[in-house]
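Heads up: the structure comes next, in structure tokens.
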Amino acid sequence: MADKARLPLAPFLVPCVVLAVVFAAALGEVLGYSFRTFIPGSLDVGGFTLENFARIGKPIYARVLRDTFWLSFLTALFTLLLSYPVAFAIVRARRPWLRGLLIVLAITPMFTGEIVRTYSWMLVLGTNGFVNALLGGLGLIAAPIQFMYRSIGVVIALVQFSMPVMIVILATALTHIDVDYEKAAANLGAPPSRVFLAVTLPLSVPGIVSGFIVIFAWTMSAFSTPQLIGGGKVLMISNMVYLQGLSSFNFPFAAVLSLVALVAALGTLSLAAPLTKAIERRAALH
Amino acid sequence: MPPRIAAGLRRGSFWSAVSLILVFMTLPAVVVFVTSLSASPILRFPPQSLSLRWYEQALTYRDFREAFANGLIITAFASTIALVVGTAFAYLIERYRFPGKGLIELVLSSPLIVPHFTTGFGFLLLGARLGLARSFVVVVAAHVTLVLPFVARSVYVSLRNLDPNLERSAANLGAPPVQVLLKVTLPLLAPGMIGGWLVAGVLSFTEFTASLYVTAFRTQNLPVAMYAYIRENTDPTIAAISALLILGTTGLMLLANWLVGLERMLNIGDHR
Amino acid sequence: MSGLEERLAGSRGVVALDRVSRAFGAIVAVNDVSLAIEPGEFLTLLGPSGCGKTTLLNLIAGFLEPSAGTIRIGGRDVGHLPPHLRGTGMVFQNYALFPHMNVFDNVAFGLRMRRRRRAEVARLVGHALAMVALDGFESRRVRQLSGGQQQRVALARAIVIEPEVLLLDEPLSALDKNLRGQMQVELKALQRALGITTVFVTHDQSEALSMSDRIVVLDRGRIQQIATPVALYNRPANGFVASFIGEINHLRGALRRTAEGTFFEPGEGQRLVLPGSLLERCEGRDEAHLFVRPEHLAVVDESDAANVLSGTVETHVYQGTHTQLHAAVPGCGSIQVRVSGGDVITRYPAGAPVRIRFDLGEALLLPEEGAG
């Protein structure tokens, strides 16, 4: 279009650049602090050092890192298993009201905020919580099951946290699978279970992989759930950052841990694209 | 087994499984509501008697009231600034090409990936350096950064769906570029903008992790105040305020859905 | 007549394109086009998809800048003027009515951009809507309108601003056949009444023939011919135009020059006498392409007249007023003959032998089949 026919670039660009610079500066601060010496008992920091990075290698922190990966993996796995049927139901629901209802039920919990959701799981999983009261009341257990302050409680809550996002990703992937493929398979004699296993499931693999990786990366950043339900016994990177940063006021080390978390998240997500492409190529999908 | 019965069983078991999973997903919210109505300060199921005292407690507790007010201020500023910058960002990405476009896109979309505690911590440090430690400015800045990608996405989707002939027609009829923007483009983007604004507002109001780092007691928002309360107390006041939050945010999200259509924004349609 | 019609009738809406080209990367969409549009003329840009007709329209409107050449409207060089300053009024294929405004606000939009006063705007809008037979529709919302009604509102919106030239981008293509025919008549009548210079884009050659004062035939960015509908139909400049406009038979054959005259031989033992008037473009050629319209062929009973070839009936296409008879003639392929009357199928059933006389007075003889 002729130049006089377009709006100038600057009014759109400037606010974006300003915000980008501010955010970059914030991350830059984290980076900067990671190289400074911690002065115990003070918020001031000393000179340039690499000792904060060296500290990461210590067994206690390596274990936190490992636990974070493991819990994220478990969460992603169970989230996938539980989300797939719901996503399938949403996409294949014949009646619009049903689909709308399913979407509302599945997705709006995402917006109530993590503190509300974590607290509500405390009510469900606590020693006097809903589950124990129900099972005890029905006479199925003799003593309360201990969910709190253990990994299993944290994972259960994290799974429910992550399901809305996984459902959206899977539903999007399933939406793009042409129903005609399934009809063709059925027409050729495949019973519904085979249609699913041979047609639908393979075609949804890119969505499965993508969803798994997204939830994995997302869960590594989880905070309030391990903080409240883990209660200091289940430590993920986020909790470590909090301890170091806002309890010990060791900003430099907290900065290093924050960077490690960021790199881990970025690294995981950057796997997603090539991995999905490799799978698509292997399965000869378009 | 006759095929029709098999099909029926299959369908039945599928929907049973889905229902159970949905129960799992909605159970916590239900438990919160039930707990909030219990008369006893000790958590027990089922509640022996019902009462609204915890609602009264929640609504009169000073820290919650102040935190609620703080949250409104922060959210009002953050979501509105995010709306303006987010709309500019969406327009920029959709309509212009320039060196460094990819970089800007990456930086402003990255809050989706960067852990909230990293972002929060970074703004805490930045605020300290600039002498603004834990002021409202820093909190708002952090929130704008966090919710911007959602606003931008909502506006971007609306922009992509806009018929280009509408803007061409306006120009052809004599509207200079600014008039085209004001009289045609923005009015048609309004649903996407308002939907994005609502989503941004809800996300900002309920944001916890980053807020924990950038707020002080004076500026804390509601989730942070709730966290402080949970650490000290075990009574169901939190259940009451949680119940109120669930109702409020769900209502707003339904409104945003009606305006923009979350289904379309998230690209889950009826593909038959 | 109102002031609007008087003003439009007197407009010097001359559009002049001088060697205009537009390329998109390696693809040249409009190639060296020169064109002068007379004031008050209804000019059609006609061609298959991808021929550049819409690109050309967008160049005139200002949505694209030319890669080369100049564009003048009313004598002014507008090449670097943005669309809102060009003084054209455009109707888009999908109408592009503003969905968030009602009919009145849509039609008033251009007037308000020109800062006309409220009373004047109301008057002009009311008059424009009356001209397109939509009085009383002012407060309707766009989604309440049918396709035909939307098209009229789009038209009213474009003419109310009294543009120097009206640009129509396939405005009737979304309408069903009956409505389309009706709109063609109404549109032409409106244009006549207003006397406004109009550029009309279509791929439908019968639409172009029925509405235009002149037609510009385009193929792959180049002008093939500019002529009135009658001239285009009867004297196509090349094989492309001949094949694109109306139905035509295309024969390839050898030219044999003898003392008795020049003959066209499409196959063994077949021979057609060529009138001298056909020969000028094929001087010195041994082979040529012959183009003959189906209505210049006739099914005859005489066996020994000149220019009669024998063939076998393949199929019939009944059109109501006439029947198109398809016959296989050795050396010529499938020949279409227009036969009037409804009993063609019984008179000349499929498989029956048939004799076809060629009246070559209006035929076209070309050295190549494509663009000349």
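Think of it as A, B and C in the order they're written, each chain with its own count starting at 1.
Everything that follows uses one rule, which is that a contact is a pair of C-beta atoms (placed from the backbone, for glycine too) under 8 Å apart; a residue touches a chain by one contact, two chains touch by 3 or more.
For clarity, every value in this text was computed on a predicted model and none was experimentally measured.
The chain occupying the central position, as judged from C-alpha centroids, is B. Most remote chain with respect to chain C, judged by CA-atom centres, is A.
Each chain gets one centre point, the mean of its Cα atoms, and the points for chain A and chain C are 60 Å apart. Note: centroid distance chain B to chain C, computed from Cα atoms, is 56 Å. Between the Cα centres of chain A and chain B there is a gap of 16 Å.
Residue positions 62-63, 82-84 of chain C each touch two or more of the other chains. Along chain A, residues 4-5 each make contact with two or more other chains. For chain B, residues touching at least two other chains, in rising order: 171, 177. Interface of chain C with chain B (complex): residues 61-63, 82-84, 86, 88-90, 92-94, 96, 98-100, 109-110, 113-114, 157-158, 161. Across the complex, chain A is touched by residues 7, 10, 14-15, 17-18, 21-22, 24-29, 31-32, 35, 42-46, 84-85, 88-89, 91-92, 96, 98, 104, 107-108, 110-111, 113-119, 121-123, 125-126, 128-129, 141-142, 144-145, 148, 171, 177-178, 181, 199, 202-203, 205-209, 212-213, 223, 226-227, 230, 238-239, 242, 245-246, 249-250, 252-254, 257, 262-263, 266-272 of chain B. Contact residues of chain A toward chain B in the complex are 4-7, 9, 11-13, 15-17, 19-20, 22-30, 32-33, 43, 82, 85-86, 89-91, 96, 99-100, 102-109, 111-117, 119-124, 126, 128-130, 133-134, 137, 160, 163, 168, 171-172, 175-176, 178-179, 192-193, 217, 220-221, 223-224, 228, 237-238, 241-242, 245-246, 251, 254-255, 258-259, 261-262, 265-266, 269. Per the touch definition, chain B reaches chain C in the complex via residues 163, 165-166, 168-177, 179, 183-184, 187-188.
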